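One chain, chain A, appears in both complexes that follow, with chain B as partner in the first and chain C in the second.
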Partner chain A sequence: MGAEILGGLALGVLLVAPPFLPSYFLEILISVMLFGYLGAAWNILGGYAGQFSFGHAAYFGIGAYTSTLLFLNLGVTPWLGMLAGGALAVVFGLFAGYLSFRYGLRGPYFSLVTLAFAEMLRVVAVNTKAVGSSLGLVIPNREPAPANFIFAGKLPYYYVILAMTLGAVWITRALSRSKLGYSLLAIRENEDAAEAAGVDALGMKLRAMAISSFLTALGGTFYAQYFAYIDPTITFGPSVSIQGLLQAIVGGAGTVLGPVIGAFVLTPVSELSRAAIRGRAGVDVMLYGVVLILVISFLPQGIMGWTRKRR
Partner chain B sequence: MSLLEIDSVTKRFGGLTAVSRFSLGVEAGEIVGLIGPNGAGKTTVFHLLSGFHAPSDGAIRFKGVSVVGAKPHEICRRGLARTFQIVQPFVNLTALENVMVGAFNRTDDLAAARRRAVEMLEFVGLGARRDVPARALTLSDRKRLEMARGLATRPELLLLDEVMAGLNPTEIEAIIGLIRRIHAEGVTLLIIEHVMRAIMALSQRIVVLHHGEKIAEGRPDDVAHDARVIEAYLGASA
Partner chain C sequence: MLRIINFAHGAVMMLGMYTTYWLFTLFKIDPYLSIVITGPVFFVLGMAIQRVVIEPNRFAAEHNQLLLTLGLALFLENLALVLWQGDFRTVRPAYAGVSFVVADALVEVPRLVACGGAVVMALALFAFLRLTDVGKAIRALAEEPEGAMLMGIDVGRIRAVAFGIGAGCVAVAGALVTPFFYVAPDVGESFNIMAFVVVVLGGMGNFVGALLGGVIVGLAESLGATMLPGSLKQLVVFGLFVLVLLFRPAGLFGGGRGR
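Right, the complex of A and B next:
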C-alpha cells in the first residue's frame, strides 16, 4: 500500500513539476525518461527472458532511420514512421532471434551475436549514401508542427517520452502477470526445466524479442525527432545498447520498475560527474564506471532487489 | 493400446550405446518401476520419452502417437510430464511461481494457474512454503516442488527420476505416501529408483536395465529373485 502511495506521488510530481523546471533540468529529465524507456524495452528480453542482448542499438537505429527517411523522402509523419520503424525492427529482431535461438545460442554467445548484428547495421549505414553515410541525417525544418512530431521547446517532448515510458512500464506490468511473463522467468532460470514444464521456449523468447525490439525502435524515432540529427555511431553504436541494459541491471533486471529507477539513479550520476569534473575529458566516465562497479558488487539484484530484501 | 509404447528403441552417443533395443509398454493406471545399476541407461530412457533426446532407432508412442522428434514442451502438453534426477527448480522464483509455470500449461488465466498451483503445493505438502524462494528449500522440499510442478501440468503419465535419492528414511516414507496419492488421482507412473524397498513396495511391475538392455521384467518378487538381476547388481561371481 505504501508503495502505491509513493508511486502515485512520484507520478504526480512527474506530471506537474516539469513546466516549472529550468531548461537544464528538463533536459536531464528527458534523458532520464529516454534511458528509462530503453531500459524497460531491453528488460523484457534481457531481464525477464534472461537473454542478454548487447545489440539493442540495432532496433533503436532501425526506428530512428526508418521514421526519419520516410519523413525526409516521402513526407510521412514520424508518428506513422515510428510504427513502420517498429514493424521493421520486429522483423529484424525475429530474424536475428530465430537464428540465435533455433541454433541454441545461449548466454554470452547470444550476446555476441546480437552485438554483431548491430555492428553490421552500423557498417551498412556508414557505407550507404542513401541514408547519409557517416554524416548521418538532419531534420532541417524545425518549424513547430505537432502533426509531424516537431514541437516548440522541450516540454512537449518531455510529455511524449513520459507517456512512452509509462506505456512501457504498463506493458511490463501486464507481462509480469501473464503466462508469457511467467514463462520468460522460467526460461531465464532454467530453459530445460521450463521446456519440461510445458514452456515453448523458442516461441516465448521470440515473443519477448518482438515486444522488446518494437519498443526500442519507437525510442529511436523519439531520439531522432528530439535531437533532429542521427548518425550511424549515435544510433547503431554499442553505447546505445549498453545504456539500455545498464538502467535495467542497476535498477533491477526482471522487475517492472527497475529500469526506470535505474535511469533515475544513473543519469544524474553521469550528469553530476560531468558537471563536477570539467576540463579533464574522460574522468567523468571513469567516475561513472566506479559507481557502476560499486552498484553491481553490492547490489547484484539491482536497486529493486535491495528494497525487496529489506521488506 | 498401451498408454506408452516403447518399441525396440536404441540410443547411441558416438560409439557408446546407452540404450539398446529396449521395448516396454505401460498401461494406463499402472505403476512401473525402472531399475538397474548406475549407468544402465535409465535416465537416458527418460530423456528419450520426454523429448530431450531423439532415439537413434526404434519408435516411441504416447497415446498411440509418436513422440519422436517432438519438443519437450509439446510432449508435456500431450500429457507426459517428468521430474529431473538432479532437481531443477527455478531457484529465484517462489515455490508458488515455480508450480504456476507448470499450471500455465493448461490455462492462460493467471488466477486459474494460481489456484491450480496452490492446490498442487497443498497436495505435495508444501502449502506453507509457497512464498519461499526455491533456492531456500531443503532437498526433500525441492523434490516435492519438482513433483508439484510436474503435476500442475495435468499429466496422464508422470516420470519420476530418483525422487527419493538423498533423502532420510522418514522423508522416504513420506514420498512413498505421496506417490501412492498421485497414483490414486489417476496418474500413471514410471519410476526410476535406487531405494529398493520403496520401488518394490510401489511398483506393480519392474523392468531391469543393464548396460542399456532389458534383462528382466515382471512382478517385484520375481524380479528380485531373478538370477541375471542378482548378477547385474552383485557382480558375476555372486
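Right, the complex of A and C next:
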C-alpha cells in the first residue's frame, strides 16, 4: 500500500512540476527519462530473459536513422517514421537474435555477438554517403511543427519522453505478469531446465528481443528529434548500448521500476560531476565505471534488490 | 585462460602506451628500453586489479564478471581522458621513419620490430606456460579449477599472477606499437575488439590457436583494406567474428562446440 502511494506521489510530481522548473533541470529530467526509457527497453531482454545484449545501439541507431532519413528525403512525419524504425529494428533484432539463439550462443558469447552487430552497422553508417557518413545528419528548419515531432521549447519533449517511459514501464509490468514473462524468468534461471519443462526458449527469447528492439528504436527517434543531430558514433557507438544496460543493472535488472530508478540515480551523479569539474571531459563516464564496479561487487541485484532485502 | 572475457585489456594497453609516451617525453627513455619498466609495473598493477576488483567477485555470474571488466575499462579510459585530454600524441624516436624495400614491399623498421617483439613475447609466454611450475599451475587452473585446488595450488595467487602476466604483456605490446601509432585515451578499444576476434577464432584458452587466429585476422583485415574503401575493412573483421562465434564457438581448432 505504502509503495503505491509513494509511486502515485512521484508520478504526480513528474506530471505537474516540470513547467515550473528552470530549463537546466528540465534538460536533466529529459536525460533521466530517456536513459530510464532505454534501460527499461534493454531490461526486457537483458533483465527478464537474462540475455545481456551489448549491442542495443544497433536498434537505437536504426530508429534514429530511419525516421530522420524518411523525414529529410520523403517528408514523412517522424511520428510515422518512428514506427517504421521500430519495425526495421525488430527485423534486424530478430535476424541477429535468431542467428545467435539458434546456434546456441549464451552468456558472454551472446554479448560479444550483439556488440559485433552494432559495430558493423556503425562502420556501414560511417562509410555510406547517403546517410551522411561520419558527419551525420542534421534536422534543419527548427520551426515548431508538432505534426512533425518538432516542438517549441523543451517542455513538450519532456512530456513525450515521460509518456514513452511510462509506456515502457507499463509494458514491463504487463510482461512480468504474463506467461511470456514467467517463461523468460525460467529461461534466465536455467535454460535447459526451462526447455525440459516445455518452454519454447527460442520463441520466447525472440519475442523478448522483438519488444526490446522495437522500444529501443523509438528511443532513437526521440533522440534524433530532440537533439536534431545524429551521427554514427552517437547512435551506433558502444556507449549507447552501455547506457541502457547501466541504468538497468544499477537500478535492478529484471525488475519493473529498476531501470527508471537507476536513471534517477545515475544521471544526476554524472551531471553533478560534470558541473563540478568543468572543462575535463570524461569525469562522468569514469564515475559510471566506478559505480558499475561497486554495484556488481556490493549490490549485484541493483538498488531494487537492496530495498527488497531490507524490507 | 581464466575464462574471463576482459574488456579492460584495451584500456591497459592504452595505459602502457601512455607510460611509454611519458617516459620518452619526460626522461628521454627509448620506447623499446621502457619495456623493462612498463612490463613489471603493469604486472604488479594487473595483480592489484585482480585482487581488488576481480577476485572478490569470482563467484558472481559470468555476465557480471564481464560487466566488471567493462566498468574497469570505462574507468581507466576516462581517467586517461581526464588526465591527459583527448589529443592524439605521438612518440617519434629517430628511427621512427626508417624503412627499407624488400621485393617491392616497403618495410618500416618499427613495425618489423613490433612484429618480431610480438613473436618473441609469444614464444616466451608459450615456454613459460609449458616449462615453469607457475605456468603449469595456470594451465591446470584453466583445465580444472577444483582439481588444481585439491592438488595444493594456491589458486587465488595463481589467478592474480595470470592476470598480472596478461596486463604486463599487453602493456609491453603497447610500448612496441607506440613508435608508429598514435596515443589517445580510446586507442585501446580498436585493439580490444581485435583481441576478442583473435582469441575466439583461435579458441578460448588455446594458446597456439590464438597465434594462428592473429595471423588470420591480420590477413583478413589487410585483404579487406585492399578490396573495400575507407574503414569498411573493419566490417571484414566483425563479419569474421560473428561467423566464428556462430559456427565454431570453440574456435577454429577447438574440438566441436564450446558450450
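What we mean here is this: the second predicted complex is superposed on the first by the 303 of 311 C-alpha atoms of A that agree within 3 Å, B and C clash if a C-alpha of one lies under 4 Å from a C-alpha of the other, contacts with A are read in each partner's own complex, and residues count from 1 in each chain.
Everything that follows uses one rule, which is that a residue touches a chain if its C-beta (ideal position, glycine included) is under 8 Å from a C-beta of that chain, and two chains touch if they have at least 3 such contacts.
Not measured: the values here are computed from a predicted model.
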Report task. Label the relationship between chain B and chain C on chain A in the superposed model as either fit or clash. Result -> fit
Requested in this report: Return first, second, both or neither, reflecting whether A:113 touches chain B, chain C, both chains, or no partner chain.
Outcome: second
Requested in this report: Check whether A:124 is in contact with chain B, with chain C, with both or with neither, and answer first, second, both or neither.
Outcome: second
**Report entry** Partner chain(s) touched by A:23 [first = chain B, second = chain C, both, neither]
**Finding:** neither
Requested in this report: Classify the contacts of A:189 with the two partner chains as first (chain B alone), second (chain C alone), both, or neither.
Outcome: first
Report task. Using the superposed model, determine the angle chain B, chain A, chain C defined by their C-alpha centres, to the nearest 10 degrees. Result -> 80
Requested in this report: Classify the contacts of A:178 with the two partner chains as first (chain B alone), second (chain C alone), both, or neither.
Outcome: first
Requested in this report: State the minimum pairwise Cα distance, in Å, between chain B and chain C in the overlaid complexes.
Outcome: 11
Query - On chain A, positions contacted by chain B and by chain C - result: none
Requested in this report: Could you please specify the touching residues of chain A with respect to chain C in the complex?
Outcome: 50, 52, 99-100, 103-109, 111-113, 115-117, 119-120, 123-124, 126-127, 238, 242, 245, 249, 277, 280-283, 285-286, 288-293, 296-297, 300
Query raised in the report: Inside the complex, what are the residues of chain C that reach chain A?
Result: 5, 53, 56-57, 60-64, 66-68, 70-82, 85-86, 185, 189, 193, 196, 200, 229-232, 234-235, 238-239, 241-242, 245-247, 249, 257-259
Report task. Quick one: which bits of chain A touch chain B in the complex? Just the residue numbers, please. Result -> 177-179, 182-183, 185-186, 189-190, 192-201
Query raised in the report: What residues of chain B sit close enough to touch chain A in their complex?
Result: 50-52, 71-74, 76-77, 81-82, 84, 88-93, 97, 100-102, 104-105, 107-108, 110, 113, 149-150, 152-153
